[in-house]
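Next come two complexes, and both contain chain A; in the first it sits with chain B, in the second with chain C.
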Partner chain A sequence: MKLIEVVNVSKSFKGIQIFNQANAVFEQGNIYGILGPNGSGKSVLFKLICGFIKPDQGDIIIHPSYRSRRADFPQNFGIIIDRPGYAAGLTGFENLKRWAEIRNQIKDEDIKRTMRVVGLDPDARQKMKSYSLGMKQKIAFAQAIMENQQVLILDEPFNAMDVDSVKVLRELLIKYKQEGRTIILTSHNEEDIELLCDQVYQIRSHKLVPVNTMAKV
Partner chain B sequence: MLKEILQEIRSKLSPKFFLSWLSLTAVLISFAVYRSRSYELRDSLDFFTFTIGSILPILFPIVSVLVLTISFAADIHHRFLTYTRMRRPIIETLNINFWANLVLTFIFFFCLIISLFIFAYYIEPLLGIANFNPAGYGLTTDNIAEDTYMRHTFTQFLRYGTLTYGIVYALWVGLNAGLFAAIGFVLVLLLRNRYLALSLPFVIYVVGIFTLSALGAEIYRPSYTIFPFDRIQSPIWTALIPFTILSVIVAGSLIYIKRNITKLGNLT
Partner chain C sequence: MTKTHYFYIGYGLLCLLGITSPLLNPWEGATTVWDRLYLKFYGVSPYGGFSLLSFLFYSIIYTGFLYQFQLFLTDYLSGRFYYTAIRYQSLARWFIHLGWQMSYKAACFLVVLATVTVLIGLALGDSPELTVSVLSNLTVIQLLIQFLLNGWLQLMNGLMIVFITAWVFKEPSYNLIAMGLLTIAALPVLNAGGWLPAGLNSTAYLSGQWEDLILITMKLVVYLLIQLVVIAVLFKRKNIAFY
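Take a look at the complex of A and B:
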């Protein structure tokens, strides 16, 4: 099933071309990698998919089962884009709770369990402004998965994380894939891409070019 | 929506909010008490304007943005709002934040003015702090009430009772504070530099004072329409004009933001 289709998408910012007639297909149940140097448009691609920005030309087509008539964004997507986000004066748990309250699908216990999965102490009283980058990254990871989102859009998800956490979370992603979830990620670490991804797109000449990789798992 | 707005308001009603309100009230009262020693005042209305007229007209645009808009700007800067976007349409989130922000800033200033009012009219007479000498102004018990009705803009309402005036005037200051918070809110969304966005309401206020004075339109100065104590009374409608113009500008900007939401880099 085609979950996300990028069809002839062009996008530029103030005359600087990022995508020119780019095409790609993301099927349900796979892990995809997006490669490209800094500034090539990886985060822009993710923002386009999530509907944060609109293509100048072309379309992003989301499968109807992941759309809702009421909302202007895809449903059941967990995302990390660009950098983690947080309310500085709240603890990690309070931040996650404020996001969770919006949909009100999960309980405090679910949030706490997710925090333990990513390697954070749910009862820590530390405010997020004093979190290290790796800890903020873990909060971002936690909010992307805490509501059992079926599609994960992960921009540098392991950035600044300790090796042990990376190992745990890689395995988690593989487990998710086996459950039929769909994951699209970027990473500067080739090992991540090789270990995890079924297919890789490389941003080259403002297009998304499929790269052959050995699909593992 | 209403439920979410109330929830947002509740989450922002922190001890810090109450402490700021209490300390600002205390500072303004202390300042008035201190200053009142060297003045002869006519009545409680004079004492009331004394508490407000000193530093509040200059603090006003700063405090109205400080109450909450500053934390909204921080939430945008730290990308908290970006991560609400896969959970609720961003327009809805902005609406909730906008109204919560406006209502709380309103409450803050309404409570501030009402406390100053209660102090001036009901507590000060018990303490006998001020130095009243209405006779020195040619006022007697017979004509002093009539005099207050015509003293400043909005004291027209004293005709309908002391408390009526207090409440109407507190509502007026609260509404204007909400308006300045809204101006800050809109600028935070439109400008990439949040420090610029947060200081512009103050700049608008101060530049408004100077240009309108220079143009001979002193009665439309924001410091006078909101704190009308440094000149004789004007008709109330004159105060509504700058308020209405600024409100229309804010409403226009909100429509622009709504239509161009996918072009606002601050939210992605």
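Take a look at the complex of A and C:
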């Protein structure tokens, strides 16, 4: 099933062309990698897919089962975009609880379980302002998955994480894929792309070019 | 202690200093706590003369409140926003939630400011009598409406301007310029007639006439509605990529 289609999308910022007639298709149940140098438009692509920005031309088509009427953004999407965002004066659990309260779909125990999965102690009283970058990244990862989101849009999900955590979370993403979830991620680590992705798109000449995973890396 | 904590401590001390200072708008005939509220938050208007100290205190109090919102917004929009907005699924729903939080904080801020002023007045020996003796035809009710209701509307106008500036320019530095312009726009020479939404909650605008008071309320409500329309248009355009 085609879950997300990028159709002839063009986008520029302040006269700088990011995408020009770019096309891509993301099917359900696969893991996709997006490659490209810094500033090539990986984050822009994710913001386009999530509805945070509109294409100048072309369309982003999201499968109807992930859209609801009068909504600006797709539903059931877990995202990491730009950088981990958090309230510095709250603990990791408190931050996650605030997000969870918006949709009110999960209980405290679900949040705690997710925190343990990503390698964080849910009962720690440490405020997020004193978290390491890797711990902040784990909170970002936790908020993207804690509500059982079926589509994960992850910009550099393993950034600053230790080797063991990366290994655990890679296995988690593979398990999610087997469950039928769809994952689109970027990574500067070629190993992540090689191990995880079924298909890779490279941003080249303002287009999304499908590349053979092994050939690319 | 973070920079934000130092800001709050410094801001709180400046508020207390202004409320207690005998140098800020001294008036021989002032006897009640309501006189103190009127005089300390006299601010600025084209009608009642100009006092630099009064203008500075007004600017510090109200621009300080907008500045803390700007600090919050800069941090919020650069990170948490995406994870929050996608859960609301709608910019309008997200904004209503944010607006509700901000309007609640603005109301609390004004209530605390008025309460602290009255309590300090009582502690310094001011009379609790329900009269404003420095302006004979002004009632306490009118003073409170100007301070709390028009004060809240004025703060909401400032908050919306900060929000719109952050949304459009996506750079925190533009908000400092916006707040500077708002402060300057409150000056009598620029706001003759009080047609700009700046400084209109100064008690200097009070004449004791209900019509004048209601006119200020109406101006602030109209500006607030215009700002909400601008925000709705910006949301429609959807170009969300911050900092």
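As a convention for this text, the second predicted complex is superposed on the first by the 212 of 217 C-alpha atoms of A that agree within 3 Å, B and C clash if a C-alpha of one lies under 4 Å from a C-alpha of the other, contacts with A are read in each partner's own complex, and residues count from 1 in each chain.
By definition in this document, contacts are C-beta pairs under 8 Å (C-beta built on N, C-alpha and C of every residue); 3 or more make two chains touch, one makes a residue touch a chain.
Bear in mind the structure is a predicted one, so any value in this text is a computation, not a measurement.
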item	value
Three-chain arrangement built on chain A, chain B and chain C clash or fit	clash
Chain B versus chain C as contact partner of A:28, first or second or both or neither	neither
Partner chain in contact with A:87 - chain B first, chain C second, else both or neither	both
Chain B versus chain C as contact partner of A:143, first or second or both or neither	both
Touched partner set for A:47, first chain B, second chain C, both or neither	both
First (chain B), second (chain C), both or neither touched by A:99	both
First, second, both or neither for A:71, with chain B first and chain C second	both
Common ground on chain A, meaning residues reached by chain C in one complex and by chain B in the other	47, 50-54, 70-74, 77, 79, 81-88, 99, 102-103, 140, 143
Residue numbers on chain A that touch chain C, as the complex places them	13, 43-44, 47, 50-54, 68, 70-75, 77, 79, 81-88, 99, 102-103, 129, 140, 143-144
Chain C residues touching chain A - in the complex, by the definition given at the top	2, 75-76, 78-92, 235, 237-241
In the complex, chain A residues that touch chain B	47, 50-54, 70-74, 77-79, 81-89, 95, 98-99, 101-103, 140, 143, 149
Contact footprint of chain A on chain B as seen in their complex	7, 11, 71, 74-75, 78-91, 262-263, 267-268
